[in-house]
């Protein structure tokens, strides 16, 4: 199997932006599948990479982002998906997980060929990230029950675009296989 | 008005790829509006920038691409939109006009702030290019009658995504204004 | 005056790599000038941007990098240049401050046109960063008393390359002017 | 052996810029070694990739660049190194062969791991390109008799920087081995 990483997109979130209310209902629904994917990737030794907006604060590091999100009005949506000590963390400036970030370099160092994308928002950052992964020749997998949307119809169109035009595999999170666990400590080292 | 360039996407084409037949009907419909936009941009002194796939031939330059396209089975779709001596030409490797191309650098040198996107395919390269323009803070304008699609429903979803999530202006090509013409020879110099 | 940022390169450091002993002597000599530049940039309201290796740890954030460096054998070289609450912080993966980092995007948002580079190593990261700033059309200033080297002769060659081939201004740190202070709180917001 | 490409830097040249006279003498001396490297790379089936400034003309393609250079006052320096029908050609906007060009993508598609750099100018584009190759984890080889300089002392410092800080192999062009020839037509296809 190609070496796989799980990418968790924009889940460290205060949900204070426009459209947050619509989004929150969808996130709540996807949350169990996302948490289960994180647990299974960790158990298999596959890298779990959080890629997250920095809320416009270039002073902030991810510990502060996490504290801010946990102190917000939707702690219940953040707590189940918090990074652990092995998690990798990349800050992004704009929508795509690749734009002006070190992610492509990091994936190259980790020899990753396949990305499982989960998180939010299906018809925005997830779509854009799937595209940027595809043009860089990564294999993309999108579990439809582990991504959250604002507009259901645009999300469905986005999933069709990913499948048809970006060669993405569209599946249920339960059907995703990660790598067989290797010796402890060997899998996530950069 | 912000300084504007017209970007003509993937119109130098042999139409030999998969889905070409579906696409050709849509291109034929959009062709007059594209040709009219090119003529008006030229008349105003606004840069016209062709950004085109190289058909996988890194040996080819754009003169050869044009000859190949004109010798193909759809010369009638290429001839009305051929570059002239003032046209700028950027070769792209993959879907987006910005990915691994010098376009961002060229636009910076030309002090362009606003991009009018025309050409093909609405729900693929046009969508991806609108996104990559938006994350780089360009203002994007998409004339719906001057872009061609393969799947009408995905194209409509793509246009809604551009308008809603990429702050793109969606309009008819007739409604687009270019810059006032300046002194001859001053407008398109890099 | 063009809007200016002070860039502090690789000063959050454990000095445990090869060549560290040779480097430390040079850092010790440059340290007062670097600290003075940081103080003057802060006083003027100019952004102070730390760009630093992450020691290969994509798990680490800059708070941890700082703790690790302060706990190392050269706390005395780190303490005088620690970031404050207003400092911006960018993690780099490789030598240049621009390679696979959000720095170019951040500088664009801050409308910075002129970079004062200080830190280490003159003939490596400082040289490479000056080059990458020059190709992006930033004006580069290098205060020779606020950069540290490993090899004195290569450092001198690097400074000549910056001055001659990268249009960099080579000067003493005392001669550098920052922007006039603006209203409190307006200068460093992204 | 790692798969190798020969990169020919800025040899399609009119030699009309500042410093050209000093440069021309050095180019004349390096020319036989460059021509011999091109011949040997072609014979082995290794890709030969010309990466060249576009003289600021985004309207020009490489056929025009070549005609302009051949019509200039130093046809004798261009003719021995003209591209053939198999040569790949990448236009660069600024100093480094990688900055805002599709070169990294093209090398990835060709599965190249090792770059032999020849051409001009040792202490400028060759140095910058060696650096940008090194940060992208390519193995770099610089044949000292096949690169041309403006300033002999800066060129020597540049070669030491490449060898010491960029892990480049510094050698004579005669000592460079290319790949064993494969079946005709299979080696240079993208």
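A, B, C and D label the chains in the order they appear, each numbered from 1.
The rule is simple: a residue touches a chain if its C-beta (ideal position, glycine included) is under 8 Å from a C-beta of that chain, and two chains touch if they have at least 3 such contacts.
Keep in mind that what you see is a predicted model, and the values were worked out from it rather than measured.
Novice: Hopping along touching chains only, can you work out the least number of steps from subunit A to subunit D?
Specialist: 2
Novice: How much rotation, in degrees rounded to the nearest 5, is required to superimpose subunit A onto subunit B on the basis of Cα coordinates?
Specialist: Result for this pair is 180 degrees.
Novice: Give the label of the chain whose average Cα location is farthest from that of subunit A.
Specialist: D
Novice: From the C-alpha centre of subunit B to that of subunit D, how far is it in Å?
Specialist: For subunit B versus subunit D, the centre distance works out to 32 Å.
Novice: Between subunit B and subunit C, tell me the centre distance in angstrom, where each centre is the average of that chain's C-alpha atoms.
Specialist: 40
Novice: In subunit C, what residues contact two or more other chains?
Specialist: Those would be 94, 99.
Novice: Using the touch rule from the top of the page, what pairs of chains touch, sorted by label?
Specialist: Applying the touch criterion to every chain pair yields A-B, A-C, B-D, C-D.
Novice: Please give the residue numbers of subunit A that touch subunit B in the complex, ascending.
Specialist: 94-96, 99, 123-124, 127-128, 131, 134-135, 151, 153-154, 157-158, 160-161, 164-165
Novice: Considering the complex alone, what residue numbers of subunit D touch subunit B?
Specialist: The contact residues of subunit D facing subunit B are 56-59, 61-63, 85-94, 99-102, 104-106, 190.
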